[in-house]
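Supplied in structure tokens, the structure appears directly below.
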């Protein structure tokens, strides 16, 4: 219990939750507005994260330009995914998108000369010897934590600085997304979620609207990738397994598929759920060995999503109608 | 169908004097062996009001699907304002001013009533992502669209539902909404697919009144699918009768009424006695 | 002539109300189907004809009213019976559209319709059906999706007959059929009826259907509007009025 | 030539397993519109259970397989009762089903690990014995798997085409509305589908375990997307299609390594062949090899 | 608010200071572990975690026997599923919540560098990685906080190449097969480079995905062109699938094959199949003059439920070294730990004390003496980069009965 109430880890969890929140916001725009079930979202995060690492380490770009290019590439990947497979209906598209993300991951895994391959970004061929890619942003993170030091003392950390970077962005993006949701553009998309024929018969190019949504969602996936890269300072192909997309969906469902603002609480809730399962050390669980407690953790994550879909498919904040009326 | 020839001879060629806004030339369609529309041709002149009648399965809705581009013709041409439209996307056809409604009133249940209407307004800068940044233009357009929508709602008595989900509307109210939405698009040619079916008589009268007013404005051409001949009689100036995917009669409403072919098409012909 | 109000009616729909969700289609419909008869329900579009049948099969919702089957004095509450059990109590149904399994062979379509009672046998019934519809026998191994419209209707009927029904519910059997086939179809219905199967059909082709019917009902706006002996209604001007909207 | 035979054999072996797993997934999809993301873990479970019975408890191998198939059926049935039935009643949409299936997979995995451990296991069978066939090396276990898997495929195909419940399943998948009104007991069809897919999952797991020689607890999960690719290739929801799609995909994945195929795909890209096949099929022939144009996808 | 905080802080500090006074003698070492406990590599992670826990227990027992006050405990064992992001999460939890003084693990190089970059280096936490072999770790600017008991690929690769050259000559053709992950590809690259540098030819280089459905096609590729010798870089769980496939090609010869230390385990050889492995050779890190077989039997007795893997002892040594260092420096502060780690691991010489005499080692550490701990896995002798420089490599061979043998005279040292 003593360990449980220490703030440091929760600061990390909160920073990570913010990143997941941005990640889930991308899915939210795609699904909540456009009805697109993208199960390959993690691919966008991988692309932008890796782009940053490669450009900074291999070509000594500025982090910020690299981040910009990373997000653009994530958007392009979204466009490519959409142009090729968005004609497919719901579940077919979902399966195709998983395949897309897996192809991306395998490419990263097997292209050592660019991505560092299995070794992760630390093995990116680099003319200057070993180097990370976060030197520039680290200056900012340090600057923030220096400002925080007088207030929170030793709790000032890189993670806490990350919170001050990630969360304002999350709030900004949620604000933008909620504005976006009120536009006539989103109105058409919400219509396509129910029926293609009506908007089409009223002169709306449904495919273009969908594609735009997919790309915008991918941009948020890409931005999440930027923060992910910043938070972890090292990327490896194993970080971008399809389970990560699943976590994004979990947050989305917790929030209620169309509740943008619900994402804030949902991200925190998910982060807390995910983080707190590392503390299953009290009696009687203490009787289990540490590996056994690790299985329990995975089990619980699965159990929560199943229970949630069974008992409260509309999420914490959504209306039941929205899940049922699919 | 024995009297087909005589039925056709009663048809009026409305298009000879007026400008034909729609010219359907020998269109057919087939799906897996079924041919819902077979070699259908007709012209619709501008500012006219034409009704298409015929029993179930006659191919009326299939015809609408072809004209609006929802399905593609297997053969034939469709000319809308001197442009061939049979091969272009439905949304492009709509953008040209050919708007349709759907049988059974397809409303978007999870949009509000007002949103359903506002979606139909053409030329919205907000339809483009590039328009997203033109905040002023978008806001002005939305305000106008909203005002227009409220006007339409007032016309059909749905004002109080403006900000409710359209899903809560009753069947008849959905029909009103569907019709109003199509009108919001300011079409030059409006295809109405059974707008009155399942609507109570008072509402039907209201709808007919709305359509009548629009006719007076002389800015719209109507093509209507309807079963109720009395209604058809009241508003149309021409009736096309379809059966088994073909046009079996075409003419003035009054003439159609007495047409034996039409009555046979509806009630089934009096054929040989069956023991 | 059979008295339609007879309490001996094999199948009766009593003051049925309902529709789809909050859209009310049926506003109180009463239909009596005497044993061994053919009864036809006609009426303009949207009158709620098909909805009656759909309500029985839980495709449409019922808000009030009842449907009963009186088989030799044993009365069954049809609405309380699960749709898939209706065929085993002797009710067969041929929906208007999508009434066959296109991906299955004709033989399989028939087999799927078969219901096992104590003393009937799949092969015997199927042979019987094949005798009646030689066309189906020729194409027995083909996918039903390859059949023409008329053959499909035939197969749909045959499939329903595989369950040896006491009463057959038909939803617009002539819809979409070429005129020549329509005649064949109605002749076939008479034959089926002669073999002891009661028929309740909903039909658009009012004259021909009424011509072979013992009794007819005209519905309008979800209510009984008119009824009478089948043949007598064929030339009834009132029906023309109801259909074409003349009041 | 011997290369071609060798790779074809390898492909057929893998393909026959893909086929068996894919047909279970495809049946579930056609009947319940459910994309079963937990299918891979059912494979693992089947393999480990068979291992436990036949190696740890030293029971007869075939008996063990039967028991583990029964267990697969039992678990599927249990999940149907507590989970899927309720979700259908709640009118859960595609997304809900996707997420629940993934959730079930997340729950199954640790259970398997908890029950059977993390170690690599192998069945009591000689995995080294090989035969020479026209210059190709045919492994004894793989030959056995190919024979038994082919037999199973035949049985499955026969079952689907001949057994009454198989016909009911296809009828229900083809036209659920008509199936309900023509006397087909829908609950029975759904239950049968779960039982079959549960049994096939276990069976495919045992076969996969035999082919690999040794297996650990991530065996099934890592093959899941290949199964999906097989299902899509053979037309989603078409049971026969899944059988053929599985075989074709297996062949394709192995033959792609031969040099005549763009110089041979490097083996570390082998899974990509499956994913790319999936995307390409969806792209150019979304209806699959057995679907017809106009089928809604 | 602020005043309250200051007061609280003062109160806390004073109690800490008061409590800390006697603790100067009795060190209270808290260690956390990070290994994959679920997922594909869970086998190794669980083995290492259990071994580490046993290591801490053994030291505790030895401390009691040596009448040394204090404690050395594993306070939490975390799961990272062998992914860097989860390792960072786990490390953050250990450091921030459990307030550990040092970390044992992770298994993989990616995770190791991930936690170093984001967590342990910024927070001054000493890490001894248990199986990370990437040469990059050597170069990493870790402020001397990152150690490892597992030999770098740079060593191991050279050792294998030297062994192969000695047995088959420098100019023969070598084919290399490796699992397609961080461990396999990195070592395969080192071997390839070293071999070419030595003047040899590379025949085939085949990388296989550990979770492939079958490996027959990969095996076939690897045997094409009849190379003179093979080097295989794989873990037992995957090679258990690849090995039979290789045998079935009929073209592969175990006698012409070199493995890494992953196969230096008779139980592993038995699992994979003696008939497959018989005649093969390999290189494995070795602890000078230490009975590793005894360690395995002892561990089995202490922790019977967990299956052993080849690398387990690395976790044991890492934990024991950390405990000894804490006792030696009488402090859990990172600066002291770093200094003492070198003092007890033999970097500065001193008498050899094997792991079987832990009580002696604890006594020596408590007395502040310099000595060389001979681990069950390795004699670490941490060098300036924190790498285990004392590693001696044996060249082992597998006989027809699946027994391992090696000749001390052939040992290679770096």
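Note that the chains take the letters A, B, C, D and E in the order they are written out, and that residue 1 is the start of every chain.
Throughout what follows, a contact is a pair of C-beta atoms (placed from the backbone, for glycine too) under 8 Å apart; a residue touches a chain by one contact, two chains touch by 3 or more.
Since we're looking at a predicted model, the values are computed, not measured.
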item: Most remote chain, CA-based centroid, reference being chain B; value: E
item: Taking each chain's C-alpha mean as its centre, the one farthest from chain A; value: C
item: Chain B-chain E separation of Cα centroids, rounded to whole Å; value: 76
item: Distance between the centres, which are taken as Cα means, of chain E and chain D, whole angstrom; value: 38
item: Centre distance in Å when chain A and chain E are each reduced to the mean of their C-alpha atoms; value: 33
item: For chain B paired with chain D, centre-to-centre distance based on mean C-alpha positions, whole Å; value: 50
item: Sequence positions of chain A contacting 2 or more other chains; value: 109-110, 291, 295, 297-298
item: Residues within chain C bordering two or more other chains; value: none
item: Residues within chain D bordering two or more other chains; value: 109-110, 113, 118, 266, 268, 271
item: Residues of chain B touching chain C in the complex; value: 1, 32-34, 55-57, 170-171, 194, 197-198, 227-232, 244, 257, 263, 266-275
item: Touching residues (chain side chain D, partner chain E) in the complex; value: 3, 6-7, 10, 13-14, 17-18, 109-110, 113, 117-120, 122, 127-128, 130, 132, 137, 139, 142, 208, 211-219, 222-223, 226, 254, 257, 266-268, 270-271
item: Residues of chain C touching chain D in the complex; value: 57, 59, 83-88, 93, 95, 98-104, 108-109, 111-113, 115, 159-160, 163
item: Chain A-touching residues of chain B, taken from the complex the two chains share; value: 68, 70, 89-92, 94-95, 99-102, 106-111, 115-116, 118-120, 122, 124, 126-129, 131-132, 138, 141-142, 145, 167, 181, 185
item: Contacting residues of chain E [partner chain D, same complex]; value: 38-40, 42-43, 46, 180, 206-209, 211-218, 220-221, 236-237, 240-241, 243-245, 247-250, 271-273, 275-276, 307
